[in-house]
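Per-chain residue numbering starts at 1, and chain names A, B, C, D, E and F are given in the order in which the chains are listed.
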C-alpha cells in the first residue's frame, strides 16, 4: 500500500494512508442517523475526515490516540480538504509508533542536538558544566530532551520543539552575554539550557500533546527546579549560592507572576533569560500563525485568542516589499 | 587650578573643580539663617554640596544648569561624601560645554559609531539602505544620534546612551534574523536602527536630561515615525507597503498599549524588535542598579519603584559563586 | 419588478428584491447534500436566507459583497424571518452601487453636512479655520466624511455614521466650551471636527465595513494626525504650538493607553474632547442595542461581549414610567 | 484692624488678618527648641506660617480648625510667601463662621441657584418634578446643596462646588437629551440634579473638607439613593419602575466598579449621566491644576498622583497660539 | 403512571415522567423538517430530550418553564443519556408546583432551618437579636429564605441554597469570632445571617433561576441593605452606629470593587465576613464541579470559564491516596 | 538597675532600661553639629530616642541590631514619647538574647504549641501523620516553628506569629472540613499545618525580621515544598499522589498568581486552605492596625499603603454600639 502524506493529498483523488486519530466524535446526522467526525494527522499536517456508512460499528473498533489505516476519497468542503473514509482499521502500538505521526520540527534535529552538546561544552564554570554533563549523560533524559514539544500549544508545539527552543534561547543568551560582559555567561547559558527542563515532566507526548497530573498541579518551573536541584545536590562541592542562582533562573523565567513565576527575576542573568525566552517563543508563535494563514492564501490571520489581534501576512508575492539590492 | 573629577574626591581634603549644578535650593537653616543645598555632577558621578556662608548672595550669581568653578573641602556625612564650598563662580557656556559634565557612556563611542555605520551598510534592500544613508548623511542628525541619551532615566540615560542602545538592539536583531531565516532581515535591521530615532525630538540633553514639549505631547513613537516617513517620502520609488511596515515597526515597538504603543506588534519583525528592545533596556537597567549598589557595598538594591522588587547584588567576592574552570 | 425593502418583508409572502450579500457559506446538509446559507442586507436591515435547491451551482455565480437580485418566499424560523430563495442572480457594480445597500444613518445627512459647515465657519482662530476650510474644499474628502461609518462595528457603524458622530461631538464640545470659558473654544472645536478624520484611511466601506491594511497597522489616530499635519504644514504662518496642540488632541482622544492612544490627554481641551467623544459613542451604542432588542420584543438585551452586561429595555409600553405632565 | 486677604499679601510687609488654621504642628527646631509650623487659609488662598518665639505656650491656645487673628510679617522663602507670626489669638465660632475661610467657588452662586431652580422646573414628568420640588422645599437641604463642596479634593473641592458641578452636569445632560431624542430627558435631568446628593451626608465642610463616618463606610452613592428613595416613597402614585430607574442612575453613575459603583450603567440615560459627570469633573480638575501652575509661572504641572501625568500649561503669553481672527 | 426521577433513568428503557422544561427550541432538521430540542429537569438532575415527530404542533402546546408529562424512550447519544419523546402534555401550575422540579439542596433543610434559628437566638446584643427575630417572624420571609437559591449559577444555585450558604457562613464566622475574641461576635454573626438577604429580591426561582429587574439594576447588596435598614429603623432605640456598621457589613461583603461592593471592608468584622463568605462559595463551587466530573468518570474537569483552570478529580478509586489509619 | 519596659514609660521621668536598636542614624543638627537618631524596641513596643551630646563618639560603640543599656529621660514631642539619652552601652549577645527584645505574640505560646501537637495527632491518615511527626521530632524545627514570625511585616509579624497563624488556620480548616464532609480532612489539616513552613527558611528573626537570600530568590512556597518533599521522600510507602496533592496545597496557597503562587488552587482542599489562610492573615492585620490606632486615640487609621483604605476604629467607648443583652 502506497501511503500518502497529508501534505501531499489533493482533492478528488483516492486516499490510502496511515494517520493518527487526534479527535473522534460519533455524531447524529447523515442518512444513517450517525456519522463519525474525525481529525487525522501525520507529521506533515492535519485533515478532517468523515465516516458516513456503518459509523456506529466502525466507531467501536478504535479510540482517539490510535493510529489507523484508512482508505477513502479526498473532497473539497468549504474550500478545505476533507476525507470521506470507506474503510478504517487500527494499528497496534507494536506495529507502529504514534509519535511519528505527531507534528514534527522542520529543523535537522541531529544538528540541533550536536549544537546543544557544543553549548554545554562551552560552559567554563566547572560546577555548572559538570551538572549539565551529568544530566545529559543519561540516555533517557537526552532522548526526551530531543523529542519533547516545548508546549502543548502555541509555540514550538511539535516533536523536537523543546530542543529547537532550547538551542535558540541558548544562542540568544550567548549573544546577550557577548554584548554585556558584566553578565555571568556560564550561569546564563546553563540557565538557558535548563530553563524548560521541567517540560519533560509537565507534558506527555506519546499519542498527543497533553499535561500530566503533576504538570497541571505543580508546573514545569517547580518540576524543573526539582530535577536540577537533585542533580546539583549529588555533585560534591557545588556552591550553595550557585545552586540558589540557578534555581532562581528557572523559577523566575516566566518573568511575571501572571504566567506562574513564583518570583520575579532579581538578577541581571534572570531578566536576560526571561526576555530571551519570551522573544524566542513569540517569534516562533507569530511565524507559525502567519505561515499557516499564508498557506491558506489569506492576507491577515484570524484574531488570535491569546494575542488579541490579527497578524499581517501580506500580499502573496512579497518580492516588491523588500527587494534585495539588484547590484 | 588642578581640577578634580568627582570619582577621585577623597574625604577630608581640599577640593578645586568645575561641576554642573544639577539641583540648587536655598534653604532655611544653619547659623546664618540660610544655606545653599546643591547637587553637583560631572561625567564621573554626582556629589552633594553645601554653602553655609554668605548663601543668599552667592545664590544670586548662578542658576541650576550652570557649570560652576568651586573651592572647598570634602567631608563625610552619614557615610557619604559631601562638599562644603567656600567659593563658587559660574562659567558661561562660551567658556565651557555643559554637556561634558553630564553622565556619559563607558563605551568607546567612536567604535560604536563605526559599528552602526557597518550595520547600515549591511542592509541589502535598496530602499531601506537608501533611507538609512540619507538620514545619516546629515551631520547634525549623526551627531545627535551619537550624543543623545536613550531615556530621561532608567536605562541608558547618559550621553551616548542612544547610540549604545541602538547598536545593541541591532546586534540582537541580527542574531534573531540568523535564527529565524523567515524574517525579513533588512526590514528588521532598519527597524532596529530607527526604532528610537524619535528620542532626538522627545528629549533635550543640553544641561540636563528632560522632555521637550513635543516629547510630552506626542512621544517618540509618533515623532520617530514622522522623521522616517518624511525621509522615505522623499525617496523615489520607495514601496508603499515597505513604508507601512517600517512605520508599524516604530509605532508598535513598545509592544503593549500600556507603554504607549498605539498598535500592538502585528508582524513577526515587529514582535522580534519589541522583545529585543525590551531585553536590552531591562538588562541595562538591572546592571546599572546592581553596579550602583555594589559600589555602595550593599548585598541587595533598594526595592525599585518601577520594578517593584529589590535586585540581588551578591557577596563582595563573587569568585566562588561562579569559578572559571581551573584546568 | 417591485423590489421590497427588508424592513417591509412579512412572513409567508412572496419576495422579490435586490440585496447585498453580507455573508455566504456553502454548508453540508439538506436533502441535496449542500445548501447555501446567506445573510442579506439593504439599508433598512438584514435577513438570513437559504438556498436549498441547486446550491452548489448557484454558489459559483456570485461572491460575498455582491448585490444580488432574488426571488423566493419569506418564512418564520425560531421566531425570526428567513428567506427561502428559489432564484438568485448577481448584479454588476456598474448596474448598482453596493454602498446603497449598507446600513445607513436615520438622520438627514444633508442637514448634518450643513450643520458641520456652520460649525467650521464658527471657528474664530484664523489658522484653524483656514485648515478646516482647506480640508473641506476637497470634494472627495467631503464626500468621504459624509458617507464613512464611524466604526466597523459598535457605534455609528453605518453609512453617514462618521458625519453624525462628528457633528454630535462638536456640538457637545461647543456646550462644554460655553460652560468652561477658560477652554480654547476654537482649538476644542477644531479637534472635535477632526478627531476621527483618520477613519477615512482606516476603514473601507464599499461593500462592507472593514479595516484597511494601514488601518490595522497604524490606526486612525496616527493616520488622522498625518492628514491634519500635512495640511497644516501647507498653510503659511500656522503656529508650531498650535499644530502641536491639535496633534495632541487627535493622538490622545481615546483617553487611555488601553484603547491605543499613544499619549494621555494633557490639556484641558484634550480631556474634554476625549470625554465628549466617549459619551457620544457610548450613548449611540446603548441606544442601538436597546432599540434592536425592543424591536424583538425583549425586556433585556443579551449580555454584550464588550460591555459585559445586559441592558434594560423595559416594558413595551413605557408611557407609565415617565409620563409627561398632564396639565 | 484692617484685615488682609491672603491673595493680596506682598513680601516684606506687615500682616494683620484672620485666617483658618488648616494644619498645625509643633516641631523641634529654631533657637527656642520648638517652633509652630502652620498652614493658614481664607477663601482666597493658603499660606504657610511660622511662630518662632514662645511657640509651646502659643500652641496651647488654639487647635487645627480654629479661625485665628494674627499679626506678623510676610517674608519670602524658597520663592514662596511665608508668614512669621508674632501674635496669634483664636476666635470663637460665635465670633466668626469658619466656613467663610474655606476655598470658595469663583462663580456667582446665587445665579447658579436660580439656574438650578429653572432646571428643576423644566422637568416635565409630574412625579419627578414633584420629587425634586419636595426635596428643595426644605431650606436646610437647599442651603446644604448651595454650600457643599463636590469632593474632599480633586474636582470642585470648594464651597459651592457641589452646586457648580450639579448645574454643569445638568446642562450637559440637557444638551445630550437634545442630541438624542430617544433619551428620557426628564429622567436624565432628574438624575443629573440628584446624582451627587449623597455628598451632603458623605462630606463635612464646617472647618475643613472631610469624610463623615457614614461617608467612609457607605459612600455617597448609597447615601444619595437612600435620600431620594425615602422622598419618593412619600409621594403618592410614584411609579415603582421610575423609582428603580432613578436609583439605578444614582448607584451606577461612577460608571465602573473600580470607583465604587455597585452596578454598571444599564440604561442609555445612566451611561449618558456617567460620562457627563466624568467629563465635568475631569475638566474642572484639569483647569484647576493648570491654573495653579500658571500662577506659579510654570510651563508644566507636576506629575499628578492620580492622573499619572503632567499637564501642559503653555508659554505665559498664549496670544500667539490661538489668535482670534483679526477681521 | 409510575413517574421516574431523572437520576434513575437508564439507557434503552421506556420513560414516563413529569419534568420541568428548562429550555425549548424548535429547530430545523430531522425527516419532518423540524424537531423540538429540549432540556428537561427535576430536582435530581437534567436531561436533553428531542421530539422528532409532529414537532411543530406539539411545540404550540407548551412553553419554557412549564412542567410537562412525557412518555418516550431513553437512548445514549455521544455517551450521554437523551430522551426521544413520543408524547408530551403540559400540566398547569395548579396541578403541580414547578419549584419542586428545580435542583434542590441535598441537605436536610428542616435541620438547617432549626440551626439558623439557634444561631439567631445566640446573638447576645439586644438590638441585633430583635432585628433578626423581627425579620424571621414574617412567615413569607422565612419561607423565602428557606427555598431561595444563593445564586443564579456557580455556587449553591439550587432550592435551599441560600439557607445552606447562610448557615455555613454563620458557622464559619462563629469559629472566627472564637479565634479572635477582639471581634464583635454578635455583629459578625448578624452580618453573616443577613449578608445575602438581598438575594430574595434579586433573584426569582419560580420556574427557573433568574434575575429580577431590580436584581439587575440595583443588586442584592443594595437591596439587602434596604430591607435590613427598613427593619432596623422600625426598632426603637436601635443605635445609629450599629445600623451603620451592619449596613457596612452587607454593602462591603463582596470584598472588592470588581464584584460590586460599593465599599471595601473597613472593619475587622467586615473583612472576616467577606473572607468567610468567599471561602464557602468557592468550596461549594469546587465540590460541585468536581462531583459532576467524577460522575462522568473524568479525571479533570473542563477549564472553568470563570476560574480559568481545570480542577483535579483524581483516580476513581481514591482509597490509596489518603488511606485512613489502619490501627 | 530597675529596667523599664517600653509600654510602661511615662513622660518627664528618668529612664533606665535595655532595648534593641532597630534603627540608628547619625544626623547633622543640634548644637554639637551631630546627633544620634535611634529607634529602640523591646517586646512591649518601640520608642524613638535621641543622643544630643557626644553623639559621634557614642555612635562608634554600637551597631544597629545590638541590645543597649541606656539611661536618660522620657520627653513628649509632637504628642509622642521620645527618649533623650545621656548614656548608652552595648551588651554582647552572650550577655543577652536579642530575640527577647523583638515584638512578641500576646498569646500563650506553650498552649498554642500543645494545641498544634494535638492537631498533628488528630490526623488520621498514616502517611500524613508520620510525615508531621517526623518533622516535629526535630527539636530545632519545633523551636523554630514556635518562635518564627509569620511575615516580615503586615500580619503576625512578631515572635510566635507563625505558630499563632498556623494553629488558627488549622482550626479554621477543621471547621471547614466539618461543614464539607466531602473534603479530605487529613490532607487539608496537614496542608494547613505545613503551608507556611517555608517561612523558616525565608525569614531571619535574630535581631530583626528580614528576608534571607533564598527567601528573596526562591520564596517560602518553593522552600516549604522542598522541606516537605524531602521529608516525605524519606518515608517508605508514602503514596506519590498524596505527595503531589500536598505539594499542590503548599505551592498554591497564595491563591492567585499575583501573590507568587506558581499554580492556582485546583482541588477543593487547596481552595479551602487558600481562603482560610487569607481570612486569618487579613483579620490579624485589620485588628493590629485598628488596635494601634485605638491606642493613639484615633477614630480612623491612616490609609494603609497596601489595603488602600483607612479602617474604622470607632468611638473610644464602644459599649453603646453593641451592648450585650441586659436580661
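Here is the rule we go by: a residue touches a chain if its C-beta (ideal position, glycine included) is under 8 Å from a C-beta of that chain, and two chains touch if they have at least 3 such contacts.
Just so you know, these numbers come straight off a predicted model, no measurement behind them.
Taking the definition of touch as given, a chain qualifies here only if it contacts chain C and chain D alike; those chains are B, E.
Two chain pairs, E-F and B-C, are weighed by contacting C-beta pairs, with E-F ahead.
Chain centres here are Cα averages; for chain A and chain B they lie 40 Å apart.
Per-chain Cα centroids separate chain B from chain D by 43 Å.
Each of the following residues of chain C touches two or more other chains: 213, 216-217, 241, 245, 248, 266, 310, 312. Under the contact rule defined at the top, the touching pairs of chains are A-B, A-C, A-E, A-F, B-C, B-D, B-F, C-D, C-E, D-E, D-F, E-F.
Here chain E touches chain D in the complex through residues 213-214, 216-219, 221-222, 225-226, 229, 241, 244-245, 247-248, 251, 257-263, 266, going by the rule given at the top.
Chain contact summary for the complex, chain C toward chain D: residues 124-129, 168, 171-172, 175-176, 179-180, 182-184, 186-187, 239, 241-242, 245, 248, 264, 266-268, 271-272, 275-276, 278-280, 282-284, 286-287, 290-291, 307-312, 314-315, 320-326. Of all the residues in chain A, the ones that touch chain C in their complex are 77-78, 299-300, 310, 312. Chain B contributes residues 25-28, 213, 216-217 to its touches with chain D in the complex.
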